[in-house]
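Pasting a structure below so you can have a look.
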Amino acid sequence: MSNSNPVSLDLLNKFKHASSATISSTLAKKGYRFIYMAGIRPLKPGAKLVGRAITLRYLPSREDHVVSPDSRQSYAQQIALEKMGEGDVLVVDARGNLDSGIFGDLYVARIGFRKSAGVVTDGCFRDAPYLRTVDFPCFASSVHGHAHATQHWAVDVNLPVSCGNVLVNPGDVIVGDDDGVVVVPKEIAEEVCEISVTQESKEEFLRDLLEQGEPVQRFDVDPFTDELESRYQSWKKSKTG
Amino acid sequence: MSNSNPVSLDLLNKFKHASSATISSTLAKKGYRFIYMAGIRPLKPGAKLVGRAITLRYLPSREDHVVSPDSRQSYAQQIALEKMGEGDVLVVDARGNLDSGIFGDLYVARIGFRKSAGVVTDGCFRDAPYLRTVDFPCFASSVHGHAHATQHWAVDVNLPVSCGNVLVNPGDVIVGDDDGVVVVPKEIAEEVCEISVTQESKEEFLRDLLEQGEPVQRFDVDPFTDELESRYQSWKKSKTG
Amino acid sequence: MSNSNPVSLDLLNKFKHASSATISSTLAKKGYRFIYMAGIRPLKPGAKLVGRAITLRYLPSREDHVVSPDSRQSYAQQIALEKMGEGDVLVVDARGNLDSGIFGDLYVARIGFRKSAGVVTDGCFRDAPYLRTVDFPCFASSVHGHAHATQHWAVDVNLPVSCGNVLVNPGDVIVGDDDGVVVVPKEIAEEVCEISVTQESKEEFLRDLLEQGEPVQRFDVDPFTDELESRYQSWKKSKTG
Amino acid sequence: MSNSNPVSLDLLNKFKHASSATISSTLAKKGYRFIYMAGIRPLKPGAKLVGRAITLRYLPSREDHVVSPDSRQSYAQQIALEKMGEGDVLVVDARGNLDSGIFGDLYVARIGFRKSAGVVTDGCFRDAPYLRTVDFPCFASSVHGHAHATQHWAVDVNLPVSCGNVLVNPGDVIVGDDDGVVVVPKEIAEEVCEISVTQESKEEFLRDLLEQGEPVQRFDVDPFTDELESRYQSWKKSKTG
Amino acid sequence: MSNSNPVSLDLLNKFKHASSATISSTLAKKGYRFIYMAGIRPLKPGAKLVGRAITLRYLPSREDHVVSPDSRQSYAQQIALEKMGEGDVLVVDARGNLDSGIFGDLYVARIGFRKSAGVVTDGCFRDAPYLRTVDFPCFASSVHGHAHATQHWAVDVNLPVSCGNVLVNPGDVIVGDDDGVVVVPKEIAEEVCEISVTQESKEEFLRDLLEQGEPVQRFDVDPFTDELESRYQSWKKSKTG
Amino acid sequence: MSNSNPVSLDLLNKFKHASSATISSTLAKKGYRFIYMAGIRPLKPGAKLVGRAITLRYLPSREDHVVSPDSRQSYAQQIALEKMGEGDVLVVDARGNLDSGIFGDLYVARIGFRKSAGVVTDGCFRDAPYLRTVDFPCFASSVHGHAHATQHWAVDVNLPVSCGNVLVNPGDVIVGDDDGVVVVPKEIAEEVCEISVTQESKEEFLRDLLEQGEPVQRFDVDPFTDELESRYQSWKKSKTG
């Protein structure tokens, strides 16, 4: 399972056409329930997050663990940030701690420059006044002005972690929007993407019908009847045409 | 008590001139304290919700309760949605569960078409990216991408329910805004509306005075002195004139 | 310690150039950790709060404590409001209670007229529909439509209190923004302000560098190397020049 | 499904030989996960609860719902209590409310006389000083001195309810011990009992082996090897012999 | 109101014949609801607490407030302890904080020697291994090994405080048992005691009847019929005779 | 730091003479605050736990991670159990999850046979009815009947983990009692033990004095005056003599 290639940027781009809710439903049909992070939202409403997970694990701070000038280069937090490239999402396991930020404006400026795709944590960001002015997807449980060392010590990079009460393996696909954040195991990412993007399009079609007064009993017909399928194909053409 | 007629659309329209906070104060004066839902907000800040309650009760899902194609027509969720008409608010008792949505875009599109007044739940909505683009009042504790069946099984319609830790009887008046959601027992709705709308207008008058520097001791004078009443009447004329 | 003069309006104005996060870091370097309020946000995102604390303590309401017309003048809530002047922030210890507001539009209109700097509470505001239309900094844990007497009885003014799980002494400096609210003990306010404003400026400079691709290892260099200091001085001139 | 006969007293007696944990495992193997109540414990450590569910639903109290002398006979609480007979467990849906008791000594004395099997609620008992002196199984989230009317209004009997975040249908089998409380859907109660009692016995055998030093890898062998089965049969004989 | 004499030791002794639940009911009939502490239990199950409140207020610790050897004598904690005499209960407002103890074995040994009646806090005790070996009533939310200074700074004595979400005035009567802790305003203590002790005795009588099979409808008859009153009087004689 | 030898059985035995509260105070004097687990208690009141940490990390379960018969031998849970020897405490990072047990009777029987010192988790045990009958120290947040796989997947052994919101390194000393659980970094274990055992003895002496009526001001004298030291030495002799 772990030998699979990294998810491609093409596939990530395709994931942008499906919502986290639709992907959750696709995964449910395949038997996955433990894949949706609890209570994590974008700092900027409307933000969309899609990328491959690079994981960073924080543990509670303790007074005998301090980052000295000498050890800074090998501090897990620094290593994780410098690993980030195009399409990567940093997933920070902060144990749901709401009493300090995980980092703020400077780190986001750094990984934004590195073209990474975003950050998600079950902890908090700091420097919200700045973060709300930039177009970099930051998903978190909340915000807090304290620096991370008041509560956290960064301990390792790219081990499996917990974030928002779900498991994240390095390389898994992360998709976030206003509903929250879903994790797609990388081994099934392509199939899940395919199904979800089609489903998303069909639901948009159904929504159009419903807004025009089609009765409710129809809308969870699954699969589509031939007649509905044919109307859907016409609708789709009219959209893209 | 239970034989009273449904609250009229006229009365619902009048309720739009009073805030949930002012209605809460009116009810407090009449001895009601258990009438304000805890922690429920509009998905779109600024939304205003007024309508008559149709109640829908969800219970925890269990593996021996599933909606089959055959049973779908008689599923409580479907029955509730098709009951909704002009002036109706769907009140979904979701036991404060934050681990899945109660429903999302398709159902809202359906009941929006049916001209219903809105939805309130102590659970979550899903499809927030869509719901935030439409003008349909959705009040909830939070949002979540999971479909309702991961946590809920819809069990009955128009029984008394709990929502946001307060009792809601079918037909009660629901008023929501940025402060939250208040429930007005239908038997006293007319009287409560009358008092609240007048009070709202008087408070707006007092707020004007206070913004211009009238000292604080005056503003909770109740009842108005003759002099204040006379100033209020002039202010009111100037507003509507 | 308690004989120190009140913090000046000049110093308060200077504090506006530092974020609550940066001030938290300054205080951390001086050994202060218990100075950041938990879970308190501005009602209007983007609001900035700076002022001296006037404290008001609420206790749970009890049926033998009621404000009569005769006692209203000496009610702690009224006394606190009338104390408020330019640069003052009202800090209301509401014990983190989320089941009623502390007050709403009328009181805010009153203290807004008195040119006070804002209000912060670990309870709730009511009348959010109005408060979101005015430019008066209101920081709270949440909102609720109930009037304060359903949960609170105002008991005394300008004693030390707890707010958001931190101690606030009357006269302490309160600084709030989108991250939350920090408390600066008044005895060290001047020094903390000096350091924080300089730090804020340096971090803005570093952020500029990082956005242009300077590698991450540099940005927590503390103190600046001579070369960095010199670049910083040029950057600063270019900003203000 | 709902036409099934009530679970017999014989079957209930047999259930006493399986723990709630073992029954949870049996149900898990049959695909049931939503069957274990969260955070509910016996008032008296060591108590064992087994019976058929009679359900009672409480809603939040509201000032227009009061039990008058005339309506007392038809109050849902009274009706439920008088329904209780041998082998019955009262399941009280109290919405997880921890701010009042559901009832106390007098009601327990009454249903104890009626030979019922016990009470379980996700709310609280009151009169713990008395309840801890009698041998009647009371399972709850906590205790509180307030009478139920301060928070609750009993609304109906023998509808499906939620208790401890799981669904309970009238007639389901309830098994509680120091671990908590499990709900067995009545339709599969016989099969679940059979499997669980056998499993319990096998685990007791394995525990004996482990206490004597058998290595850990063996103990979740499932099914038993012939050799293990034979040792188990001997062990069983030695127990009952 | 505040000029009333302290509650006498005789009255405190009489209070020992009523449970906190029965006193809660008496207060409810007099219109008091905000008088029962939430979630506070005896460290030793079965303990009974009765006394007059001496209040001690803790605030969050802050690094500029430390108890030096010179200031120790005037530290609020020391002052409160030395005030304690026969019949006094120390009520420590610890803001519901569960992250440190309020104090432990040494302080309890001290106030135990002073013949005080007990301690109640909405925080934690430390030194539970010792406290569970002595017969001194300690009521708290939980236990924790940290000393109080890690979270608290004792700030004043005998002001009104909050404990377990209810108001406590100095001199109020505190009654605790396995259900929790009730606060009786001192002005009405005598009347409340009288009613509660009688009610307790009548309920014991009813419990006896119910245990022998009297039907449930009878037991909340209030007031007693002549026949019931007469049976009660005989029962009472047989108890005391 | 990490090259230090394992803590000896002799030192562990000595730790048994100090309470978790006293050790917390010793660590506080050395600048350590983040060393006391939150909300973790012995299943059997009065239990004492002392040992060296072996850590086991659980992550949220996910449907693509299952323990097959083939992979069982290499499952982290099995590896950890078989590592346990005399003086070892298993520390299970269960992320504070209260919705399933980490394991139950069989595993405890196994590691009890291996003479290990105990188990501590911020999750739950299952099989409490059995665990409460044996003398093996089990410390946890709560109990639950579900097997671990319903919520957890064991992922690695002897990495640093979080338990009860504090960091635990493999080899750290764990001391638990009725107050809770403290973690002593192994590098300073010897010194902390020395100081704590002496302090414990001195506090027992002071407690004796206080119980006999010595005034409160004396008892936190630190260091002892010559006179007190001399009395303490006599007291000690009388104890051990």
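Here the chain labels run A, B, C, D, E and F in written order, and each chain numbers its own residues starting at 1.
In this section, a residue touches a chain if its C-beta (ideal position, glycine included) is under 8 Å from a C-beta of that chain, and two chains touch if they have at least 3 such contacts.
Please read these numbers as outputs of a predicted model, since none were measured by experiment.
Under the contact definition stated at the top, no chain borders both subunit A and subunit F. When the partners of subunit A are compared with those of subunit D, the chains appearing in both lists are B, F. With every chain reduced to the mean of its CA atoms, the largest distance from subunit C is reached by D. Look at the contact of subunit A with subunit B and you find different residues on each copy: under half of the numbers used there are shared.
Most remote from subunit E, judged by the distance between CA-atom centroids, is A. A rotation of 180 degrees, rounded to the nearest 5, superposes the Cα atoms of subunit C on subunit D. One finds 33 Å separating the Cα centroids of subunit A and subunit C. Per-chain Cα centroids separate subunit B from subunit F by 50 Å. Remark: subunit B and subunit D have CA centroids separated by 37 Å (rounded to whole angstrom).
With touch defined as above, residues shared between interfaces to two or more other chains in subunit C number as follows: 33.
Pairwise, the chains that touch each other are A-B, A-C, A-F, B-C, B-D, C-E, D-E, D-F, E-F. Within the complex formed with subunit C, the residues of subunit E that make contact are 1, 31-35, 59-65, 95, 153, 155-156, 159-162, 165-167, 185, 187-188. Those residues of subunit E whose C-beta lies close enough to touch subunit F in the complex are 72-73, 78, 81-82, 98-99, 101, 104-107, 109-110, 112-113, 126-130, 132, 142-147, 150. If you check the complex, the residues on subunit A that touch subunit B are 19-21, 23-25, 28, 33, 36, 38-39, 41, 45-46, 177-180, 182, 203, 206-207, 210-213, 215-217, 219-220.
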